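Read through the structures below before going on.
Each of the next two complexes has chain A plus one other chain: chain B in the first, chain C in the second.
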Partner chain A sequence: MDLLNNFLFIALPYIALTVFLIGTIYRYKGTKFKFSSLSSQFLEGKKLFWGSVPFHYGIMVLFFGHLTAFLLPDVILSWNSSPLRLMILEVSAFIFGISALVGMFSLLIRRKTNPRIEIITSKMDLLIELMLLIQIFFGLWVAYEYRWGSSWFASVMSPYLTSIFTLNPQIDAVSRMPWVIKIHVSLAFTIVLLIPFTRLVHLLVFPLSYLWRPYQKVIWNWNRKKIRDPKTLLNVTRSKNN
Partner chain B sequence: MDVRSQVSMLFHLDKCIGCHTCSIACKNIWTDRKGAEYMWWNNVETKPGTGYPTKWEDQDIYKGGWEKSGKSISLIGSGKLKGLVNIFHNPHLPVIDDYYEPWTYKYSNLIEAPAQDDQPTARPISLITGKPIEIKAGPNWDDDLSGSPDYARKDPNLENLSPAEQEAMFQLEKMAFFYLPRICNHCLNPACVASCPSGAIYKRGEDGIVLINQKVCRAWRMCVTACPYKKSYYNWSTGKSEKCILCYPRIESGIAPACMHSCVGRIRYLGVMLYDADRINEVASADVNNLVNSQLSMILDPFDEDVIASAKENGVADSTIKAAQDSPVYKFVKEWGIALPLHPEFRTLPMLFYVPPLLPVMASLSEQKNKEQLDKLDPIAKKWDDDWLYDTSTEELWGTIDDARFPLQYMANMFSAGDTCKVKDIMKKLMAVRIHRRDKTVGDLDKENVKKTLKDVNLSADSADDIYYLTSLAKFDDRFVIPPAHREQAIEMVENTGDVKGSSGFGFIEKPARGI
Partner chain C sequence: MSDLINLFNKAKLLIIVFTFAAILLSEYSYPQSQGEIIYKRTCIACHTIGSGRLVGPDLKNVFNKRSEEWIISFVKSSQRMIKRRDPDAVVLFNEYNKSIMPDQNLTDDQIKDVMRYIKKQSSGSGQTTALTEDIKSSTGMTIDEAGENEVSAGRNLFLGKVRLTNGGPACMSCHNVTAENLIAGGLLAMDLTNTYSRLNAPGVYSIMFSSPFPIMNAAYNNNKITKDEAFYLIAFLKHADINSVNQQPVNYQSNFILMGLLGAAILFGIYGGIWWNRKRKPVNDKIFKRQLKTF
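Moving on to the complex of A and B:
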């Protein structure tokens, strides 16, 4: 049992994070053409709405919820000190979980039933979508069965994750968790491990910078002010799109 | 004044015969690939007609282009907020059925089918799924189908036309149509660039060509929505958007773009125009009545000393300024004022210009007793009961333009944001050139009348001859004035050219394959 726990909560996280880091950097630098969200809306638009929108908004809220509980456990715990606020947090998180589950499920159905979408489906697409579906399912199970997740995540998981990131893994508490939670945690790290091998890389390039860039973009092959000045010809400046 | 140069193109629609040679030349070079089969970076549409993709001009459906909001403008269907909120599902994205599902035929069946009673057939096979399909639409599905209820009558440009006018357009034997070749407009205020969340689309400073960086595109697909001309296409296989690149590798080496080079009717002209980039915002947000005039006013006179000085200061090469002075496009657009941009009301400041077609207008209809005509006819000739005849007389000089067989309002909806005066001016000029040439070559017209005609439209006899020359007789070098690209200077600024000898080239180092 110790061996398994050591593997799941020490080895797996470090393998996952290493592969994730090296893999995504390599993919971003080396194979930029393949870095895409690979949207299939152009081939089928209506069913995508009922899958993509509930899934993405659901999973985004859940992701940032987990992130907040990990980074700011004290905030979550003090929020949860009042039962009403705890209920609000738990119920709304559960609703977003359902939304993600329904979304992912309808995306999978769409992927398997629409012949056009099937053509552009890779094995990794199916694998990662199945894993996400199972992961969301286990997440909901945990939330329903082992209440209240937000509180014990802040008090147990947050220190564990911190210990992972500070290279001083403390797994005593997680090792005593019920097996459902253990699966949820291990699957999470497996998904992180798989990110560089799937289309999930698109979440790393969410175009937030769009918000502050000017609308129009003009690129010059050379510095147009300097090009006519013979003195600057020898001045080596890299052109912007090479 | 921020003077920049723009490679611009002009289409003389009177000369287009709708042969689609341009489309084929483009397809063979650029879009004969998986995922790009349905794309026609260059396409030719029959007008009136719904076009490609179906009803692309109707922004109530596609939400492309800019709209006026207050004193400024904003993107209709995309933009910072809408773009990011709708990033998981873009409600205004056309799907492939709005274009057509590409197909081929299963030719192998003709050879490999076992012996049987019936002849083997080559069934149509979808190029997406590889399965047999029922063909419901295809490229130029409505080619030459003017008057048809499914296509021509659904043309968005019929807006503001009275039912009587519409009816007149579509009566058999009175019907008229013309062809509209379209490529990317390489706009000065491109909506695709503005809508791209990743910032993958950009306008090249030196020649104004709008390009998509394939390594930065992440398939957020907002450009497809934003482009009101629907000239940004999504490659469903690679997960990247693609568009017309104005054959920049050809232009850089002094060759005309494929669509233009192959044009059978020689309708296309290419040249440089200098414009004032400082005015882009102001012009794009102008009042709708003033849009065309403001856009034309930001195109600068390449002979003006001030313009030349600021152009040089901005690093525009002498050879480019020379090309701008010789530009055939400048002559049509500014000097003679007989060309207009396509759908200026989309506010992207398109930099392709069209000389509206005069031809369907020339012969208008006049209600008259055709007894005289009938008397002249052979006894066995087919007799018509109608009381109308085509009027091709030149006695009423401008009469035919007003009761045009093709309502002016229709042309105005396409080329001048609904302003019929603009189109009428151009029609008059084109007509005046014809009258002038008829006077010169046939000489059967009243000289005073001919002079008056030219004076009416402010054309000298010499410029009328110039228009005639560039329209009808121009040779390749007159039609294509391609500025040298000066890549050599650009490269010298980056590195020692000796170091990269043999290593530069064009194409993908990374195979353009679909990601995982």
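Moving on to the complex of A and C:
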């Protein structure tokens, strides 16, 4: 048991973080064009909307929630000092968790049932989507079964994560956690490990600059009617900037 | 003459250096035994050596009552032994109000070190206990004298309405207490509603200061609970315990799921509402309409 705990909470985090760091740099330098979410919106849009939007809004709130509790545990504990605020935080997180779970589930169904999507689906796509689905499910389980996770995460898990990043791993507390929480933590590190090998790399190249760059007006400088006519397609010179 | 003064200064410097070195070395030469360190970190919250029962039994001469193998096995996992229906383990479990002794992550050698320390303490006059003084507030009030104000202060600390002085998390983060005007507490650790009658004030007090539970240790190691805070919390736990017979536990779990599902339904409505008209119109619809207006 000790060996397993040492592996899950010391070895795995360091392997995951090292592979993540080296792997993402290597892939960015080698196959920069694949550093993307490899959108399939052109192939199917309707089901994508009810999968992608709930999943992304859900997972973003949860990710930044976990990050805040890790980096600023005192802020979370102060916020939770009012029972009403604690309830609001926990229920909101649970709602966004359900949103992420439903979203991920519909994305997985879409990927397996739509022939156009299935043909561009790789094994890694299925693996990472399945892992995310299980991870979110376990997260909801933890929130339900071991409630007020926001408070105990800030006071117990945050010191553990800090100890990992300060190269002085303290796993006494995390080793004694219920197995559901242990699986949630281990799966999180496994997902971090897999980031460089999957479409999850897109979270590292989120186009933040879009938030403050000026609007761009896209103008095609060719005759649209002519370009859409299959007979004339090859006779038209495409613009150089497109 | 100046050479003599230099020599004298050098000698003085050497004496100072040697004195410091001797002090430092003495720290390393006479350390606490490994067993003592582990005992004071892990066992002292629940056991005494010669001062009577606390949360668990007095460990004085424990090696005369049980074999070494039995003690090692019990320390590693008392629950496993109880599940195996070990007669001595079951008797102990029942005798101590079915309080579960947490599994200790110690090696055989470490447990033997602790037993050597207990043996040494048992033979001497040293009485080892976590409690060195009576449980009193800074104003000298005892738990039995605590009134509504102290209970209320304890309730506020338990809920986190008043933050613990050293920044530790509120107890309700992990513990539940069924009491009036109290929202549901956490479920990560044990329910504390009847803790007072099971452990009594000294037991609760010693766990607060030297917890045998690693998760609690991680939360409070660097954010110790003050003695006054412990006093108020015990007053609150005692009050909750006495009044627990009149309380009906509320099932918050189903409400939590219901609120989550309802909230998620609203959230999905918002998603649909925001992007209701997406892709129904061309991207240059606005420009097109603006042009029409000019006619």
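In this section, the second predicted complex is superposed on the first by the 211 of 242 C-alpha atoms of A that agree within 3 Å, B and C clash if a C-alpha of one lies under 4 Å from a C-alpha of the other, contacts with A are read in each partner's own complex, and residues count from 1 in each chain.
Quick note on the criterion: contacts are C-beta pairs under 8 Å (C-beta built on N, C-alpha and C of every residue); 3 or more make two chains touch, one makes a residue touch a chain.
Please read these numbers as outputs of a predicted model, since none were measured by experiment.
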* Between chain B (first) and chain C (second), which does A:Val53 come into contact with in this model arrangement: first, second, both, or neither? -> both
* Look at A:Tyr210 in the shared chain and tell me whether it touches chain B only, chain C only, both, or neither; answer first, second, both or neither. => first
* Which holds for A:Ala154: it touches chain B only (first), chain C only (second), both, or neither? -> second
* Using the touch definition from the top, say if A:Val19 reaches chain B (first), chain C (second), both or neither. => neither
* Asked: Which partner does A:Glu145 reach: the first (chain B), the second (chain C), both, or neither?
  -> second
* Contacts of A:Val61 with chain B and chain C, given as first, second, both or neither -> neither
* **Touched partner set for A:Val91, first chain B, second chain C, both or neither** => second
* In the superposed arrangement, does A:Ser39 touch chain B (first), chain C (second), both or neither? -> first
* For chain A, which side has the bigger count of touched residues, chain B or chain C? -> B
* Structure fact -> Intersected contact list for chain A, partners chain B and chain C 45, 49, 53, 57
* Residues of chain A defined as touching chain B within the complex -> 30-45, 48-49, 52-53, 55-57, 115-116, 118-120, 122, 124, 197-199, 201-202, 205, 207, 209-211, 213, 215-228, 233, 235-239, 241-242
* Asked: Any idea which chain C residues touch chain A in the complex?
  -> 102-103, 105, 159-163, 167-170, 172-174, 183-188, 213-215, 217-219, 222, 252-253, 256-257, 259-261, 263-264, 267-268, 271, 275, 278-279
* To do: Provide the residue numbers of chain B that touch chain A in the complex, in ascending order.
  => 80, 83-84, 87-91, 93-96, 128-131, 189-190, 193-194, 196-199, 201-206, 213-221, 224, 234, 236-240, 280, 312-316, 487, 489-490, 492-495, 508, 510-516
* **Parts of chain A lying in touch with chain C, wherever the complex brings them together** => 2, 45, 49-50, 53-54, 57, 74, 77-78, 80-83, 86-87, 90-92, 94-99, 102, 144-149, 151-152, 154-156, 159-160, 170, 172-173, 175-178
